[in-house]
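Submitted below is the structure of interest, expressed as structure tokens.
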Amino acid sequence: MTAFVNQLPIGLSIGAVLLLIALGLTFTFGQMGVINMAHGEFIMAGAYTAFLLGDLVLALPVAFLVAGVMGLILERAAIRHFYGRPLDTLLLTWGVSLVLQQLARDLFGAPNVQVTAPSWLAGGVGILPYNRLFIMGLAIAGVVAVWAYLTRTGLGRRTQAVVQNRQLAATSGIDTGRVDMLTFFIGSGLAGVAGVALTLIGPVGPALGTYYIVDAFLVVVAGGLGQLRGAVLAAIGLGLLNSYAEFWSDASLAKVIVFAVIIAFLQIRPQGMFVLRSRVLT
Amino acid sequence: MIKRHLPFAAVAVVALVAAPLLLEPFRLGLLAKYLCYAIVALGIGLAWGKGGMLTLGQGVFFGLGGYSMAMYLKLTEAGDGGLPDFMVWSGVENLPALWTPFANPVFALGMAVLGPVLLALVLGTLVFRQRVRGAYFAILTQALAAAMVILLVGQQGLTGGTNGMTNFFELFGQDLADDSTQRGLYLVVASVLGVLYLATRQLVNSRYGRLLVAVRDGEDRVRFLGYDPALVKTVTFAASAGMAGLAGALFVPVVGIISPALLGVVPSLELVVAVAVGGRHALAGAVLGAVVMGYAKTAFSEQFADGWLYLQGALFILVMTLAPKGIAGLTERLRRARTT
Amino acid sequence: MLSVTGLESGYGRARVLFGVSLEVGPGQLVCVMGRNGVGKTTLLNTVMGVLPATAGTVTFDGRDITRLKPHERVRLGMGYVPQGHQCFPQLSVLGNLLVTVEAAKQPREAVDEALEIFPALRPLLKRSAGHLSGGQQQQLAMARALVTRPRMLILDEPTEGIQPSIILEIEAAIERLHASGLAVLLVEQYLDIALRLADTFVILDGGHVVRTGAAEELHREDVQRLLAV
Amino acid sequence: ETATSAKEIKVGLLHSLSGTMAISEVTVRDAELLAIEEINKAGGVLGKQLVPVVEDGASDWPTFAEKATKLIRQDKVATVFGGWTSASRKAMLPVFERYKALLWYPVQYEGLESSPYIFYTGATTNQQIIPGLDYLKEQGKKKLFLVGSDYVFPRTANKIIKAYAAANGMEILGEEYTPLGHTEYSTLVNKVMGAKPDAVFNTLNGDSNVAFFKQLKSAGATAESMPVLSVSVAEEEVTGIGVDNIAGQPVAWNYYQTTETPANDAFVKAYKAKYGQNKVTSDPMEAGYNAVYLWAEAVKKAGSTEVEAVKKAAPGIALERPEGLVTIDGENQHMYKTARIGIIQPDGLIKQVWDSGEPIKPDPFLKGYPWAGGLAAGQ
Amino acid sequence: MLELRDVQVVFDGFRALDGVDLTVPDGELRFLIGPNGAGKTTLIDVITGLTRPAAGTVRFGGQDLVGRKEHQIVRLGVGRTFQTSVVFEELTVLENLDLAASFRKPLWSLARRRKGVSEAVEEALTRTGLEDLAERSAGVLSHGQRQWLEIGMLLAQRPRLLLLDEPVAGMSKDERERTGELLTQIADDHTVIVVEHDMEFLRRHASKVSVLHEGKVLVEGSVEQVSADPRVQEVYLGRRAGDAVGNRP
């Protein structure tokens, strides 16, 4: 029975991990329509940043910068030629992710490296270790920051304008190029932060990104592309579902169940949890 | 008319006559493998290039075809009342009921195509009717591939788990290790690809093909022309699934193994990438892309076992940025440049 | 103020404009007319930098802006209302205005000024722009161009899809803005309105300027003949 | 063109250099390269230099089959050293049998196999898993929880463990599998903690071990309160898991970097000299390193690299290796190996706490264990 | 006959249609006007199945339309154009028309190559004057040409009821004239509803007009009757042009 009750906080903490890895993706996806398959490798970059610095707290801002700059370079070098063609960027960024994985293998070696968690994260309350609580806190902070950015700042509004009508944005005086760069910088930077957090609970190696990317995408889909509230609810929902499905069956079956539930869910809410309708025909 | 078919005829002659004569058996086997992928690519070209459905889970259909064929091969090998090797070491004592009909080659081959078609029909009906499309559809199919792999891996007694199935000896009484059998298989694969290519081309040049393009570019508008876009998409998706299934069935005797690794997220993506590199707007581009990328992967990994991923990724990034319409788009541009 | 010389542009390999020249003096209202498909929108898009010019120059206030990005032109004082009542559909009406005012680095009061001119937008401020009716969106588009406090307005068929009473209001607004010294480059299909507003006409056909002249010099019949199919 | 030209002999090295398994396999490849280099320095084999042909199995079993075919048919190598996961071995097996070529497989595995074209230089179950179980039993651990990756090795290993438990009065409280590459272990940890076993038997492979141990540790489990015996965690993996998270936990292998033999001193020194002082050596690396020497010895004895001749010469070859005396068994082409239980130390190395005293005869089908009667049915 | 009874549409609490009653007999050319945002497009959306009414009935030729899918309604003979034209840019003008003309064919029969040009398509081409552009891809058409193509596609569909949402917006005077004639012709054997803001166009081509305001039908009648109605003047027409100009500061 306690094990059963324990699954609740565990589900929430799984949800927090999902949210953290999906947050940056939601951002770039929702704000720019870019499906960034290299997101996982930006997460990896964040994790390696933590490894190199050896200090988790310092690593958070630095990883944000490192991954953000990587995103910036990717945007300038390639993605900007692909706006309005989300499916093409998906494939392009996948190519990038392959290269980045190999790069990591050459820079840091194929075996995993270890990031030592700070001692103040040892221990926990009840079933939840402090490091899980830390991740939850980070996820909440990330959501609040993104929400404030999008709704409380002019930059956020400009970002939305560009994704909704690029040409009109340009002729309304918005420097679309700069907005793109900034958006991609932030979205990728968030991946870097997630990467730092993940060093607390998982392996740090070249394949790190591949372990999380599919789940991150599922959160984004179930939440409604780029919808922040959707992503939050979807992450929590999927976290709980995962936790209880695995509790009653096993890890493999739980993944299959999650997929089935998402399909079923899309029968009721075809565009995800939240959807902004527009009258304009496609 | 004749001029239009000339390139196809030329390619067909090279593929059917020259390749088996010139290539050593190992290389011919690899080519046969690429051609199997080309069949899948053809389906992707139809569904994605023409119909706008980016399917990142085509490996699932490929796998269903492959597993059907593998089940048949395993059963012929085990003989009456025998059990496939992996069942023995997985502790399975009686042949599962699911397996029994696959002893019949007609059933197995039929299921290799029908299984994927049915799954695609069900999935397509569910998602397309709900107007799930674009990136949603792409990601859903990707998740399907991930889930399928996990399901297959988890049912070791039924599917061979991660190992999948391997260790096949004969197909319709022919020794699979024999070079002449492999040559024969190659010819079968090449012919199937040729026939499917012609049929698909016919389809995209028909009204149906126009309708498909219309659905891709304006699904909602198509509704007001009196068509049901969900139906059009579902049928097309099922057709591409059927092709993938058939390709899978041919793949198994050619390569000698089927495993979840062949149908997961990565191989499914690789196929789509191949189509993009070849040029998704032209069916020939899709086919070409599969062969080129297949060859590139083999060549790169043989030459640079340690860093071939760089080359594969770089090749792909370059093609996508410099020639967004792929190789087919380049040749198109060249042809235009010459005529004007 | 705006001067276009020998402008050529098009889409890919298809050329649409073949050496278009025109002049908009300070405070002048120039009306571009022509049948469907002659290249009016293409001309305005090229002037705004949405389409690259393949030949010719565009100067604004004596400065060559042929290679500037659209947003740079906006910041120089060119306000643009594209054809087809476009908006940022998922932003509210107010959001549409705010984002533009911020991008153009103008004070918030500019929004109130624009709402003075299009009071019909006031009750809709909180509504998603994508949910507005076509006419409402068109008014929003005009207002959005105004909040950049342009020195020159470029309007592509601003009366398209607008109810008669509001057409009158829009006409009045254009007139008023023009009177206050704003230069205007207008594409308009309603001959009456064009005749009432314009100082100068430019008539396009097949990507060429076939006629230009002051309003007084052009006879109604003349214009009609040139615009006939 | 054949493998043995006038001056050189081509040998294939086929491991995952990319993908999930690269983590483990790259180092095995490195150890094999070291062996080749040493042999060449010492004059080669039959007076000829060994030339390695390296291919990437890419953590993808069908690729292993394809590359094996390429090495055999295209490069015509004399033998292949390769593989890690049992899945990759199962994929390569038909290729080697079909073309009657030789594979040297260097990793501990689940047994129940004996291909005439494979030499197994890692442990089979009676040289690792059963000693591990004996150790747990000796420690008084009666209730076990089984955790493994979802593939053939863990599933088969766990079948053996269950049979052992039934025969030895032990109780299995739970058995859980996770997909290869799985990283979310909080639920599993909760299940394990909830079941309150005396010990966990861990057959997870690859990256999952990192996530599992990190999450187990932060849930408050320690080596004392919840011993976890691992059979796929060696020195290399300890680095990635983080010593803090796993120190004090037991593992079962045949070799540790700390194993005290003269051959091992030389091996560790040579390896560090070639690849870096901070590098560690581990059991699969050592088994890969051994494989090259054992094959070379057999070739010398046969006076030829010809497969059938080598197979014939191999039985009975005994060499002093870093793990001690290793002898090729003639019956099943596995090795006699010494079983060792070790405890992971705070410095990341593993200290041996128990050994079998002498090399154990390999028994892949567990014929010598009455309780294992049903397991090898049909073989 | 098209019959709407007490049709209500609510968007997030906002009543776009608030009890619309409308009857259009067969063979009538009915104009629908009303202020921006009055609900005209929404009304067409309801008839064609794009928007589901919260209440009310829509009947056409004895069939209930509410709850049917868009393409099913088209199959009952209801065709429409859109306020912003949507054509298939990658297809040629001819292919666009051909697709519109072929929806009654069973899906499998579409798999054959198109041979020649059907009568309906031929007619749509000549009537819209797009013959010269037939082989051009629709993507290169200008705004106005697209509008024509849309009307052509509608004609090729051969519906019994045509709903046109601002078909002449953005057309030059001459083109408006031609469209008006075309509509009058079509109305001979079809029921047509046209939404338009161009009063001159109305005066020339409309016989019966319905005025929609705030989601309700305000008045119905001839153009003269309607334009004379003070409520219509107030909410829609505005005061006379001369006055408006005179009022300017």
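Chains here go by letter, A, B, C, D and E, matching the order in which they are written, and residues are numbered from 1 within each.
Just so it is clear, a contact is a pair of C-beta atoms (placed from the backbone, for glycine too) under 8 Å apart; a residue touches a chain by one contact, two chains touch by 3 or more.
Chain identities (UniProt): A, B = Urea transport system permease protein; C, E = Urea transport system ATP-binding protein.
Just so you know, these numbers come straight off a predicted model, no measurement behind them.
Greatest Cα centroid separation from chain C: this falls to D. When the C-beta contacts at C-E and at A-C are tallied, the pair with the greater total is C-E. Farthest from chain E in terms of Cα centroid separation is D.
Between chain A and chain E the centroid-to-centroid distance comes to 45 Å (mean Cα coordinates, whole Å).
Separating the CA-averaged centres of chain D and chain E is a span of 75 Å.
Between the Cα centres of chain A and chain D there is a gap of 36 Å. Across the assembly, chain B contributes residues 150, 153-154, 218, 220-221, 309 that each touch 2 or more other chains. Of all residues in chain A, those that touch two or more other chains are 101-102, 250, 252, 255, 280-281.
Counting partner chains per residue, chain E has residues 82, 84, 86 touching two or more of them.
Of all residues in chain D, only 17-20, 22-27, 150, 176-179, 181-184, 186-188, 190-191, 193-194, 207-208, 210-211, 214-215, 218-220, 236-237, 239-244 touch chain A in the complex they form.
Chain B meets chain E in the complex at residues 202-203, 205-208, 210-211, 213-214, 217-218, 220-229, 231-232, 235.
Against chain A, in their complex, chain C makes its touches with residues 48-50, 69-71, 74-75, 80, 82, 86-91, 95-96, 98-100, 102-104, 128, 130-131, 144, 148. Residues of chain A that touch chain D in their complex: 2-3, 6-7, 10, 13-14, 17, 101-102, 105, 109-117, 121-124, 127, 129-132, 200-207, 210-212, 242-243, 246-247, 250-252, 254-255.
On chain D, the positions that touch chain B within their shared complex are 17-18, 54-56, 58, 60-62, 65-67, 69-70, 73-74, 85-87, 90-91, 93-95, 98-99, 112-113, 150-152, 155-156, 159, 177, 179-180, 375, 377-379.
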